[in-house]
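Here come two complexes built around chain A, the first alongside chain B, the second alongside chain C.
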Partner chain A sequence: MSSMNLRLGRTLIYTLLIGFALIYLAPLYVMLVTSLKDIEEIRSGNLIALPENINFSAWVKAWNSACTGSECEGLAPYFWNSVRIVIPAVLISTIIGACNGYVLAQWQFKGSNMLFGALLFGCFIPFQVILLPMAKLLAWLGLANTVVGLVGVHVVYGITFTTLFFRNYYVAIPNELVRAARLDGAGFFAIFWRIFLPMSTPIFVVTVIWQFTQIWNDFLFGVVYSGPGTQPITVALNNLVNTSVGGKEYNVDMAAAIIAALPTLLVYLVAGKYFVRGLTAGAVKG
Partner chain B sequence: MGAITIQELTKSYGETQVLKGIDLAINDGEFLILVGPSGCGKSTLMNCIAGLEDITSGELFIGDDNVTNVNPKDRDIAMVFQSYALYPTMTVERNIRFGLEMRKYPKAEIDSTVKDVAKLLQIEHLLDRKPSQLSGGQRQRVAMGRALARSPRVFLFDEPLSNLDAKLRVEMRTEIKKLHKRLGTTIVYVTHDQVEAMTLADRIAVMKDGVVQQFGTPYEIYNDPANRFVADFMGSPAMNFIECTVKDGNVIIESGGQHHEVKVPSTQALKSSGLDTVVLGLRPEMITEPKPHSDSGYISQMSLNVLVTEPTGPDTLAFGEWNGQEVQARLSPEVGVKAETEGKVEIQVDTGKAVLFDPKTGARI
Partner chain C sequence: MFKYLENQLPKLVMAPTAIAMFVCMYGFIAWTVGLSFTKSRMMPQWDFVGLMQYEKLFANPRWMVALDNLWIFTFLFIVISLFLGLMLAIFLDRNVRAEGALRTIYLYPMAISFVVTGTAWKWILNPGLGIEKLVRDLGFTDFEFRWLVDQDMAIYTIVIAAVWQSSGFVMAMFLAGLRGIDDNLIKAAQIDGASTTRTYWHIILPMMKPVFFGAIVVLSHIAIKSFDLVQALTGGGPGYASDLPANFMYTFAFNRAQMGVGAASAVIMLCGVLAILVPYLYSELRSDKQ
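What follows is the complex of A and B.
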């Protein structure tokens, strides 16, 4: 193979990659520039042109004064609602998943495979199926329209995934490690705490990113199980875009959409490299 | 103290019985080696002793305590695993400390124990490293250190040297032997390596299919095997097994075109068994070039047609045929060269240590 051919191949690959990257990034670019234009410029100008002068007023409005239905307080209150839902839901489901995974992977008991099968099945249950029974249950528990109720729903729904992640990670850890620790006098929790958790960083990152993205981006549970004061940001964004007082304010819509997406973007930027590493990492080498 | 008594121990996984009634009495301070082909249940037996697997039936005593249903951590046993099973996120020092911390030893005592163990095993310079930064031999030492730190009543070693290269293996073997001399703690040790078994053991238990075939000193196992399996399993190069016809309590060997009537030690037993064919077991070192002064009363001279020779250095193995079956002789290198070129060699056969087996059952006669 000549170096000429090699160069040609390279060029082709890079052209394709750059081309696809551009296609992927184009919507983001349009959102960003649109959010920085004023409404006059949007109406008259070109969709992909850069803004003539940068204008943050749409962002300010989206954050604290845009109307989402009858209220006009912007996304800010809902953003904090989401934070209050996501953080406990992610933490609780991840921690429970780690415990479950540890037990299922390293402490075989009668019916443990059955249980794991049932949990796996949980991954495939569509949202829609549980909507009504869950609503009944929440009402019965007195948790309808509350943050606690929403956290509970997300935790329950997320446990199947978090358990699966941790179980598959822990299964690759040699059983001899547990045996050695048992002979060393460590009990069930000591082994989990002192041996398994310290080598779980990659899978924690994977699980947290996954759960964070799922729960932050969730719309269906949010719209069904939340009340006026507890709606998450996705629901508010939908209301904001659908509420038009006067003309459509594309710049505010775009800014709001970016605000709603920002936390997940941030999580990926901060922890993304661990994400890939965690997905590909097998067990920790002895 | 550290004596182990195993009575009628069985272990089943579901329908399949892996250990079929093991009886062993291991003395305090004894070095016991478990050998046997892969899958015969050695590791399972170790795990049962350690309490990591539940016993299906039978009893287990350590010292005078019945530990059949005692939690592994309360049996006062330390184990070195084949994979070493070092805790990957902990430094070497914390690996060694772990067992002591879990048992709530005072900190000062832990510190001094770690120091002593590290010094004994010469791993002081490695204490701050993680297991992944160690070589195989160093990991092995750390695993031993972790076991030693607790000064248990019994050590269990499951093929601890099998991941090391040949040279290191010999070194560590010697060290383990020294260590045992020094500590005097009971050791149960699994290995595949014949030499390891012969050199380390006070006694050897040879297992097959979940049954102990023979339990005895290395000398007994080697020279007085209980059956054909044990005779075949122990010793390298392996024992010769030649099917022979019996005549007046002697066996007939056809070699180099001539028939020889050869005297064997167990004449009486052979006669009373009433067998007309028998399997003669004879180790290759008993078939040599003629040597002066060898006179056990069981010496015969014959010639052997040599098909092929294999020089091993200190001596040469020559392959020929007796009764149409392959036989190995162990010649000096000089005679070996001659045998190879001439295709024929004069040999002396010493049947003083020959053993006889029933051709059908493989039982010793």
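What follows is the complex of A and C.
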């Protein structure tokens, strides 16, 4: 009797788990099959039907000729805008975060804990409260609607998280290590370079993935601080979907959405473990 | 001299960050708060008018809709995400096969941007060609599902998409919490004759309290900041029926040249975050010291 109950329980658990897995996968599946159909088939068929003949024309159009507002060059230019924003912003914010974390964890000075608290708080502020003055500052610096300006914004507001990651990682390392190295005559940077950096690979991976995902997926800063020609892919995707020249092309919309999601999805599939670690570190302790 | 510089190095390294932080965070917050007490419209102007912008804000039906939506959205988003996340975590924790694959599936939406999520759900919920047509093709020809264009229901489509995106993350938090529980505790309870349900309800769930708190803080934080999802899924519509405060702020500050009202709404949002955050950080810091 009890073994039958057990088996019933197991079946129930697996049914639920698999059922939910299918629900979570459904939107991705729908996006994919829709992007491979032509518009006739979308109108006559339904959401989950497989395409009768696989058709990549929606992908081609989404990439290089769909209209995003008044421009009709597809997502390609905006994809590269995002790349140009993401790479420097991730690198700079990660490097600054590593140095900050090293100081805050191992070279504490009077007020350094308060500084850390003040930084931590910055992880939480709703960015709406800084949007207007930052727009003024960028205009004053002549950086409004530029890639450099957007990189700057992402660096400034990303440092809080990167510093937090590195500080929490380095704080677990006993301070005796630094003291011993100093007795041997090693300086601030030498200790960082020779002792701390070599053991930092995991936290670098976590931080880079976190920053990459955050900045690639950003929409708020993109829509406020970019102009025609510097818009990141999220903004272009939104424009593409809401541009209604002629009939709605759902297949192109879906292909465009997948293109916009692909880089972060790939990173997640390759390095999911580090992605989750960043999420929990950034969210729970943040 | 050299020695002195060497000793100052840590401070020098921190200096750029400290300056950027005080200018771009605390300075900017002060600037926005200040602006919310002026009658700025197109351009900032510094003649103070007291609480006029706040009065205007709360007399604005659009803002009141956005606030109502925020309560509805936050409440449902948190409750459903917690329920689904906890359920999936408990089941995943019971030695299931292919746990890694299942976890990967539950969590992948978190890697996608809200704009993509919004775009995808906008299509799935499309009245006419989306779920409605799917169910009609199955034989239920009278089936109607038009939440996306229904004033009263549009906000719930945002809940659906947001839950889809974030509940896997809650699952990951709970799973980490469950893995941290000593197995002997559970075994002891079962030797005492407690059923599995009772063990979970009376022993394991109470131990998950910190995870609940953490998840609630994270989820409410996501909810207050939600902007992209609304923008992509409903555009705040129909009309402004599914606006959230962040969308209101953006519209008034940047599209309508009503800086003062925009700043006031941003300050209210900040107060909302503080109301959740301060008690949480306070309790965290206290438990850290103990």
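Rule of thumb we're sticking to: the second predicted complex is superposed on the first by the 259 of 286 C-alpha atoms of A that agree within 3 Å, B and C clash if a C-alpha of one lies under 4 Å from a C-alpha of the other, contacts with A are read in each partner's own complex, and residues count from 1 in each chain.
We take it that a contact is a pair of C-beta atoms (placed from the backbone, for glycine too) under 8 Å apart; a residue touches a chain by one contact, two chains touch by 3 or more.
For clarity, every value in this text was computed on a predicted model and none was experimentally measured.
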{"item": "Clash-or-fit label for the pair chain B, chain C on chain A", "value": "fit"}
{"item": "Superposed arrangement, angle subtended at the Cα centre of chain A by chain B and chain C, nearest 10 degrees", "value": "90"}
{"item": "First (chain B), second (chain C), both or neither touched by A:P174", "value": "first"}
{"item": "Which superposed partner A:I13 touches (first chain B, second chain C, both, neither)", "value": "second"}
{"item": "Chain B versus chain C as contact partner of A:R182, first or second or both or neither", "value": "first"}
{"item": "Which of chain B and chain C A:F275 touches, first, second, both or neither", "value": "second"}
{"item": "First, second, both or neither for A:P126, with chain B first and chain C second", "value": "second"}
{"item": "Chain B versus chain C as contact partner of A:R194, first or second or both or neither", "value": "first"}
{"item": "Partner with the higher number of touched chain A residues, chain C or chain B", "value": "C"}
{"item": "Contacts of A:M254 with chain B and chain C, given as first, second, both or neither", "value": "second"}
{"item": "Closest approach of chain C to chain B (Cα atoms, Å)", "value": "8"}
{"item": "Common interface positions of chain A, toward chain B and toward chain C", "value": "187, 284"}
{"item": "Interface residues, chain A side, partner chain B - complex", "value": "174, 176-177, 179-187, 190, 194-195, 198-199, 284-286"}
{"item": "List of chain C residues in touch with chain A within their complex", "value": "6, 9-11, 13-14, 16-18, 20-22, 24-29, 31-32, 35, 44, 84, 87-88, 91-92, 94, 96, 102, 104-117, 119-124, 126, 129-131, 133-134, 137, 164, 168-169, 172-173, 176, 214, 218, 221, 224-225, 227-228, 231-232, 235, 245-246, 249-250, 253-254, 259, 262-263, 265-267, 269-270, 272-273, 277"}
{"item": "Chain A-touching residues of chain B, taken from the complex the two chains share", "value": "47, 50, 52, 72-73, 77-79, 81-90, 98-99, 102-103, 131-132, 139, 146, 150"}
{"item": "Chain A to chain C touching residues, read off their complex", "value": "13-14, 16-18, 20-21, 23-28, 30-31, 34, 42-43, 46-48, 96, 99-100, 102-104, 107-109, 112, 115, 118-119, 121-122, 124-134, 136-137, 156-157, 159-160, 163, 187-189, 213, 216-220, 223-224, 234, 237-238, 241-242, 250, 253-254, 256-258, 260-261, 264-265, 267-269, 272, 275-276, 279-280, 283-284"}
